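Below are two complexes that have chain A in common, paired first with chain B and then with chain C.
Now for the complex of A and B:
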């Protein structure tokens, strides 16, 4: 055997990069189809009446949300963990056969769960809990995959050379612990075959069906404690982990204030878990809980902006890099969108604003400026930074990256501005009444008025998808681009014209 | 005192103590500036900047601890 110097091993990071891209395309494509279904209902039966069961909005909607949350985003989180984790802990996966085995098992089981999710949701098998649609056998698979992720995190930490844990590692640990707690509690369910009805029947329903252990208001509370914190620990915490590593590394600048990163971390952990109640304003949950949800949502601005401002200030004196490098552009825009959506969210959580915003398209707009602008941009930037290092080749095309950046930015802007206007119009029309209290408009009146905005949203989504395909192509071509030497990979990523 | 009242007091005390701990931590960070090992917190940024496997760790884990 040849005695080679020790190197980081990116085998598993590469596997998850592949699923990030593939599931990103799937999730975003379904999203665009859904957007056009809302604008043009005929798209619901685009493959004919016979297949309408599989192509209608309600069947596809959970596939879109779950593909982008648990497919694209989680794959991105795993890919970056298996890259960043080794580097900041200064230990290679190649040093532990056990960790390598666990990592591969993690990937392959994850893939099995993804297939099970896609098949079951297409077949219409669902618990009908938003973002927690998977039935109990799949939930067990998810838990196993998650435990393997945890073993990889703590296993790598266990054999590290660096004594302290870099701030990104704290965020990855928080992601692991947060999702573990949330997923277990919200998915507590009894398989119907184990239950007995009031009439004494047992073995009810198909073997894979279940009912939630909670009901009514309690179910709603647990669901939105889960739902909002899935945003916290899936869309915020691990993405902050990424930006704290990739932006300083790509720009060659130390974090503006490491101390600020630490206190923002604990601030975020402290505040986020209490904010979920804002999804249930004006509902049957206790009033104090609604108020608490509102207040904690507003306080949440502080730790969120703590991290975002820390990232923008990291570029202090180095703003020419934003103009010069499309990769830095992606990250700075991601950070800006993070600030933007963490201001917008608290505004929507104020009770009087929520009275107009609740159930309208403004909420959909808010989610999408967060996920398209912040999560999507940051994950793509992370993969762009990783690609030259895992393939030892330069990024195929800088100009393609620049074009992608502007096409997608335009897409995001079209998406959220159209949804702002649509949402506020909708909210105002639903409330409008005459002097006797009769509603001024019927539901179909709002639909007619909103049609142009739905078309604009569809176009915005389509532009984002086109940009994502350009990203996929760029990464694919990077695998066979010009090989680079190690010294070219220190900070700014090498890019071809 | 019924259970709801106890829960309310418990919740308030928990929140208040977490606030005190968080502000205490911030005070600690900005007055001490260094952690228990004497490393300036700001040096930890180098964990990302100098992250080649051959780079020297900011604060190495000694073999004894392993």
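Now for the complex of A and C:
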């Protein structure tokens, strides 16, 4: 080990790269099917009447959200952790047989949980809580997988050579702690097999069924504290971890400001958790909580933009790279969409705006400009950066990357513009009264008017999926078609120059 | 301080945890005892209604339908009185939803009938031209899971003191007792009695025959649940 660079071990990173791509395709494909089901209801019986129970919109919808959040995104988070963690802590996974074993266990148990989720959601076994649909046996599996992830993080930190934790590691630690807290509290439930009848029977009914420990308004409060912050600690925090590592690495530029990263990290940690109440405006949750949710959502612009601006300023003096390198394109567009989405969210959290936006497609549009533009682009960029290094092969096709970039950008733009128009149109029609004070539109009027926007959204989603398939193909060809370099590509990026 | 924290991962993690847990403590805990009290007129779900609620959840109806009437004129005109916190006291989980691809259902029992639901679930577009809702034909043949609904009743009565077999006050000054069976057999018998009332208003001969045989299709339970939303 004397005087030569550490040889990092990417076994587990590679495994999670595979699930990122496979589950990404699955999740996005289901999303496209859902989009076309709303535009053309006939698509609900795409596999015939006999299978309609399993292919209709409502059964597929949780599969889409969970496949994208816990399949695609979380795999991407794990893959990048098993890559970035070693490098910023200056320690190889190969140095610890225990960590290697835990990492592999982490992967295989994760896969088991994914299979269990897919089977149970197709069967309609769900708690109905968004992004927390899993019944208690699966919850236990999720907790075990998460604990293994934590052991990997803190285990690697425990044997590190670099004493100071790099910014990305802060964010990975926060991801672990945040999700752990949220998931545990939101999934407090009692298995109904514990109920005993007066006749002394117990273990009645489905063994996997459970009932929430919270009821009504409280349940809603805990669920959206969770739901909003699952977005925070799944879609924001670990993705920021990625961009803090991959953008400086790929561009060769140092992070613009350490102080700005401090401010945005601790600010984000403190403010984000308060904002969940903005999902419950005008509900039966007490007014002061709604107002807090609203106010903190607006404050949230500060730490969010802090990170995004830090990223953009990191490119100071090097903007020609955006034109030259497709990978920089992906990351700069990602941080731009992050800024865009974290401005849009607070606007929707203002009470008077929320009165129109809530329950409409504008919210769906907001989620997707964040997830497609920010999360999706950043994860793909991370994998593009990692691929040449973990496979010791140059990226298969740079022009394919550029084509993918533009196709997907067009897809995202079609998606969110159509959903804005759809959402605001519907929100305004719901509340419209005629000159006599009667409702101006019946509900179905506000549905049929959306048809053209649903078609445009479907096309936008399809373009994004096509781009993702190009990404998968490019990575596959990188793995298989290129000659192996005799050493890991250490410094120069294959995209540079 | 921050430089020191970045070299001491344990204290760093503790710091992060305190900062993120703070909001939950301040925001969520104070409301807990208060919000779970039922208002007058709110009764627990019967066995059949609860089984119907499970059908609703199984098919993620909440993905497209809300159960929360906001306090705006346009909403009270369309759906009825705005929602009160105590009305949800027995809702585990809550089913407010986050998207109204279809209309709100919190008071659907006030303005839709068994007959309407039957036609609508078989072919939504035949009742509401232009509807994008899929048909739910399998609910006419799948059987409702009464045992699990009964197990849930037992569990909530045992752990959360939900008042089954006790009188609860209604808005008109009367009281109502929601019966819970003493055994699996009794629970199924109670559910079947309710199911017969629903089936009597339905047209589908297969459903009528099934109920007459002593089995309950999902659609019957679902309609019982939807009718209970008032």
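The rule is short, and it goes like this: the second predicted complex is superposed on the first by the 465 of 497 C-alpha atoms of A that agree within 3 Å, B and C clash if a C-alpha of one lies under 4 Å from a C-alpha of the other, contacts with A are read in each partner's own complex, and residues count from 1 in each chain.
Operating definition for what follows: a residue touches a chain if its C-beta (ideal position, glycine included) is under 8 Å from a C-beta of that chain, and two chains touch if they have at least 3 such contacts.
Quick caveat, the model's predicted, so the values are computed rather than measured.
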Using the superposition on chain A described above, determine whether A:266 touches chain B (first), chain C (second), both, or neither.
both
A:327 in the overlay: touching chain B, chain C, both, or neither? Say first, second, both or neither.
neither
Go through the superposed model and pick first if A:254 touches only chain B, second if only chain C, both, or neither.
first
State whether A:339 touches chain B only (first), chain C only (second), both chains, or neither.
neither
Does the superposition put A:79 against chain B (first), chain C (second), both, or neither?
neither
Go through the superposed model and pick first if A:168 touches only chain B, second if only chain C, both, or neither.
first
Dominant contact partner of chain A by residue count, chain C or chain B:
C
So, A:364: does it touch chain B (first), chain C (second), both, or neither?
second
For A:92, select first, second, both or neither according to whether it touches chain B, chain C, the two together, or no partner.
first
For A:221, using the defined touch cut-off, is the partner it touches chain B, chain C, both, or neither? Pick first, second, both or neither.
second
Do chain B and chain C touch any of the same residues on chain A, and if so, which?
163-164, 262, 266, 270
Seen from chain A, its contact residues with chain B in the complex are 5-8, 87-88, 90-92, 159-164, 166-168, 244-245, 248-249, 252, 254-255, 257-259, 262-263, 266-267, 270
Complex contact set, residues of chain B against chain A
18, 22, 25-26, 29-30, 33, 35, 37, 39, 41-49, 51, 53-55, 57-61, 65-66
Which residues of chain A touch chain C in their complex?
37-38, 41, 44-45, 49, 52-53, 56-59, 61-62, 124-130, 154, 157, 163-165, 170, 173-174, 177-178, 181, 185, 190, 192-199, 201, 204-206, 209, 211-212, 214-223, 225, 262, 266, 269-270, 272-274, 276-277, 279, 282-286, 289, 292, 296, 355, 358-361, 363-364, 430-433, 438-439, 443-444, 447-448
Going by the contact rule at the top, pick out the chain C residues touching chain A in the complex.
2-3, 6-7, 9, 12-13, 16-17, 19-24, 27-28, 31-32, 35-36, 57-64, 66, 68, 70-75, 77-78, 83-103, 125, 128-138, 145, 147-160, 181-184, 186-187
